[in-house]
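A, B, C and D are the chain letters, set down in written order, and residue numbers restart from 1 in every chain.
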Amino acid sequence: MAKLRGRGMSSMNYPIGMNLGGDPSQALVHSNPSGKFTVSLSSIDLGQGMKSVTRQICAETLGVPVEDVYVDTADSDTGPHCMGSFASRGTHRVGNAVMAAAREARGVMMEAAAEELEVNVADLETDGRGNIHVKGAPHRSISTKDVAIAAQFRQGRTISGRGIFLVPLSDVDPETGEMSPATCYAHACLVAEVEVDDETGEVAMVRMDSAYELGRALNPRLVEQQLVGGAWMGISHALYETPEPYYPDPSHGPRDFVEYLMPGPGDICPHDISVLERPAPDGPFGAKGPGEMCANPVMPAIANAIFNAVGVRMDELPITPEKVLRAIKAQGGARPQARR
Amino acid sequence: MLELRKDIFADERDDNLKEIGKPTQRQDMLGHVTATSVYFNDHKLQGMLHLKVLRSPHSHARIRRIDLSEAERSPGVRRIIRGADVPRNLNTLLSLINFGKDDEPTLAVDKVRYKGEPIVAVVAESQREAFEALAKIRVDYEPLPTVFDVEEAMKPGAPVINETYPKNTFTYHDIYDHQKIRFGDVERGFAAADHILEQRYQMSPIEHAPTETNGSIAAPDTNGRYVVYTSTQALFFSLDTCAKILDVPSNKLHFIGGTVGGGFGGKVDTVTEPLAILGAMLTGRPVRYMIGREEEMLYCAPRGAERIFIKDGVSRDGRILARQFRCLFDSGAYTRLSSYAVVKCAAHLPGPYTIPNVYAEVYCVFTNRVPATAMRGFGVTAVDFAIECQMDKLADLVGMDPMEFRLVNAYRDGDMKAHRREAKNTALIECVQVAAEKAKWRIRDDFKRMSSLKDVGAPRAVVPAPAPAREAILVSRPAGQQRTVYDRPAPPSPEPIRPPPPPPPAQPAAAPSHGAIRFSSVFGGRRR
Amino acid sequence: MAKTPVQFRHNGREVAIFVDGGMNLLSALRDEIGDHSPKFGCGQGGCGACTVLIDGEPVLSCITLAETVAGKSIETADGLKTGPELHPLQAAFMDNFAAQCGYCTPGMLMAAKALIDRNPDPSRVEVVDAISGNICRCTGYEPIINAVLAAAARRGERRA
Amino acid sequence: MPVTVKTFATPTEAAAALSDRSARYIGGGTLVMRALNEGDVSISTIVRLEDRALTQIRASGARITIGAGVTLSQILRERELSFLHAPARLIGGPAVRTTATVGGNLFAPAPYGDLAVALLALEATVSVMSGYGARDMALEEFLASRDRSPGAFVLSVTCDRPSSPEAFRFRKVARVKPKGVSVLSIAVSLSAVGGRVSGPRIAYGAMAPTAIRAKAAERALEGKTLDEAGVAAAVAAAAEGTSPANDAIASAWYRREVVGVHLRRLLLGQDG
């Protein structure tokens, strides 16, 4: 009996947004009479943090504290069109739409402030704490609340903005496949260490180290949520999951969370992550989107680690103990490769 | 543990922002921990009815007769819905963006094409009464031959699963049964290679398994509208799909969602909303249609299986000279979104590496299984698994460290990709370097000095000369027959396993490239 | 349909409802009481999203026959706060970003409460066992485990 | 037809009510309530028995009797039952263990029913109630006949407490940690006379439609020492007489392939 350890790696990129573009999203931003802002979207938050990341983008663009912004999602009567929450498009597409809407709203807010302070708009700046003041003269200042009141009740202005973001649709050449699939890509490299039981084919995760390049990390805690949870799903895809355990034979499909195998809280391993930020030229504050690609590098890294540990190639997902054991037996036993 | 490497690409960023880059608490976190976040199923409506569907026990069968007489008399039943009651009982999701033909009924009428396909919906006062009525429905089936393997499905004479696509493959550009990538000349590349490696990879289907199952509640609203609480991942996508299937103006529908118990791609297909709304229309009462867990596991769309064949030519010094793909997407019985994933897959090839000769054919194949749909990493996950396993084998073949092998072939700013666009804003090299450092994986200094911004352009920036007019052949090898050739590639097998496609018809100069995937706005009418 | 009266304590409050024969506790709480904090995830006893405490013990309300809780005391995530003040578990889940979609969170919180009420100073292994019947598809569990350990520690400090 | 819940004070009344084919006996509810939730309309009556005896644990000397209504968490609280803690702890999560009962576990189809595996290796007897009244039978006999006797339910289980911790060993092989359904499970109860195994009893879970005894392995272990050489014959015979299924957890091939490996590790006290 032997438990053999091995390390494997993988590297990859991932396109941001719907392939070929043509997937618009819109946003509306408006202020209430006391300078608190609402972002109206029809975009969905299914856990990825859509509400939170668009809230930060809006606050940054307006120059107000994040507490002064609330994001209202997914009502088709109040939220303008959004293509949907998929294809790693939320941060990039919706974020850009919110940024455009916030920019327009900020323009009105600054004009209203200029009128109140009797200065030129160009001389004003926001302090991000809810005040607008004359550059170099912080004492000549007005709160966003007072600006909103003035705009609403004296100046008759609406502090609001509309935004849309659209990557124009690309054609695809039928003969060569020439196309413009995406405007930016996230990147990753991941190292997985596993322990393989050469008598049972069981594979246990030992640890993972990874580097992800995601454009600007708008909120590191949200990025961490995606990368940690996504890597767990990657382990699950690699070693456990499928509704057709005997594919292409469709029989014996799992019916519940007991039969549908996923790693339990006792199967997880340490995972150290480095995040690189190369801003996307067309991303909101350079952001791309970590949502989808985070699971992908784990699968091949594990397969390659298993080869390093016992010398068998696992070319079919999921890599079950049965597949590993059959391969080891076919090879006449484990053949550990050079330790890495 | 997560660290931000601010030292890398620092000159491309302004890090002095007030809100961006801060670890701000989630706007929805308080709602989550106090269990007050409102999901679709947390809406309680007066007099709510419950909808359940009868699912096919067969993977492929003709429906001879449906007898509802006993079920209609079953206690608590308020309405039984058949295919004939659905205003437009044929749809394909991407018809909203003008891509593909309508090929899937909301409720099966003449034929079932996968086990679990909905045939009849029962709307009753309680779930129990709906279940009891379902048990009283009698359906007379004539079982048909089935096919579950993508390569079997593509063989001449295979059972026709989805009559909309009689060859069991989706149609691209109105003329081809697959999406092509042609870049340089792979045969030239193979001829120049020191090693050829030809391998087969397979990913089984994967279920999204969100903790909240798919579902929706539809209710008659004031002034003749219908309000719909839904778990959809794409509010307007679902709204417009329902407007089309139910043949009502979109402003008759008021969709509310936005807080969803996990999706991962599994809540785009809009399987519950049309029936819930139709139930509300036919009964005048609120109707809830929530998928059960066993239904979700067995009969709701998973991430589709993919079979991938890769043939690589590599030089002794570790440069990949040619890479050829044949990818078969198992779409199940209907198109859903697999047709789109195929094009995304083609665009992704040959992975984040600069290879002068690339050839690919990617197919969307129909089989008698549950239709596949989008999932996290859609179109890319399985092919990245295949490519990265292949990269590891190639490194082994040429005796290189796998990290260094990737660095040698990594794409950089200014390189020409196989889809004929220049690479920009790349960072693969830096990710590999940082991961190696983090994992204490030793790579040589000259590899540590490489950069996505250095040694770019030049020969790597041009579109190479095309191949002479011939179809390169990639033999589909059965599992367990992986092949490595250490000298010259074997000559292509005489018989192509697919007949060569017909030449493209001549196009009027003005027209857009025929059938090029053309997205109208989601509100746009259909063009074909 | 024959209805059966059932009386029990719900988050400290005496309640009486009528239930259908065979109704499970999850439906009773959500549809009859109006407490939507326990979630339907499977109805099979497999995901833990419907976890509540009966007389301090964790149970899956979806596979609990409603009429068997007569005279018992039931706690749900809806009753975790004391007034405006968050329960240490709720605060720790926030600090540790231990929720994404939030659907498993109520069940996770109750499974964790059952543990730290009995065992104020649990080990990581004990925490892992306590949540082992609760499925989370988003977080990878690590932040949840850390949150429960942090909540227990925080309570310890309070007592000290 | 709506579901009716009937609650009785005595086994006899409950047994009478169960003569109705649409009636099901409910223990902890993990099987019956799930069936109802999933839309099993063959159940229209649920029969409950409220009899304190069902939840009692009675020990007299080495002999111990466990009421069918005793829950797995009750077992885990009971020092008298420490020999059953290993299997009990590995079933479900805490919330399942709060309600899942000893009796219910005897009816759980493969790959469930790990407690039955442990009890089988302990040669437990069960008191089974049916229309004909209560009768005691060997657990092995009960498991073989349970699916042919609808309406029967279990009142209690009785077994001998193992003489020492080494005398009873249990291993569950699951994909998911810490709580997962069995790829297979193994229970071994044995005594060693002068370092040699005597009268070993080996039971498997998920190696047949119900928990079964590994008779061939038992014979091969008789009189042997507990070392690599001593257990070799039993390991070689481990899969004999088994008929595991292909299911979502593992294939029959895999179960046969590894049962010997796990039996060896259990007998030699190796982990993993």
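Following the convention adopted for this analysis, a contact is a pair of C-beta atoms (placed from the backbone, for glycine too) under 8 Å apart; a residue touches a chain by one contact, two chains touch by 3 or more.
Keep in mind it's a predicted model, so treat the numbers as computed, not measured.
Touching chain A and chain C at once are the following chains: B, D.
Computed from the mean C-alpha positions, the centre of chain C lies at a distance of 29 Å from the centre of chain D. Averaged C-alpha coordinates put the centre of chain B at 44 Å from the centre of chain D. Taking each chain's centre as the mean of its C-alpha atoms, chain A lies 46 Å from chain D. Work out the mean CA point of chain A and of chain B, and you get 18 Å between them. Multi-chain contact residues, meaning those touching two or more other chains, occur in chain B at positions 25-26, 28, 128, 209-210, 259-262, 264, 292-294. Shared interface positions of chain A, i.e. residues touching 2 or more other chains, are given as 46-47, 49, 221-222, 224, 228, 230, 233, 245, 253-260, 262, 264-266, 271. Counting partner chains per residue, chain D has residues 2-3, 36-38, 178-179 touching two or more of them. If each chain is drawn as a node and touching chains are joined, the picture has every node linked to every other. Listed in rising order, the residues of chain B touching chain C in the complex are 25-26, 28-39, 41-42, 44, 126, 128, 208-213, 259-262, 264, 290, 292-294.
Chain contact summary for the complex, chain D toward chain C: residues 2-5, 26, 29-30, 33-34, 36-38, 43, 46, 48, 73, 89, 92-96, 98-99, 178-179.
For chain C in complex with chain A, the residues that touch the partner chain are 41-42, 44, 46-47, 97, 100-102, 128, 131-132, 135, 137-145.
Chain C contributes residues 1-2, 4, 20-22, 24, 43-45, 48, 51, 54, 57-60, 62-65, 67-68, 111, 114-115, 125, 128-134 to its touches with chain D in the complex.
For chain D in complex with chain B, the residues that touch the partner chain are 1-3, 36-39, 41.
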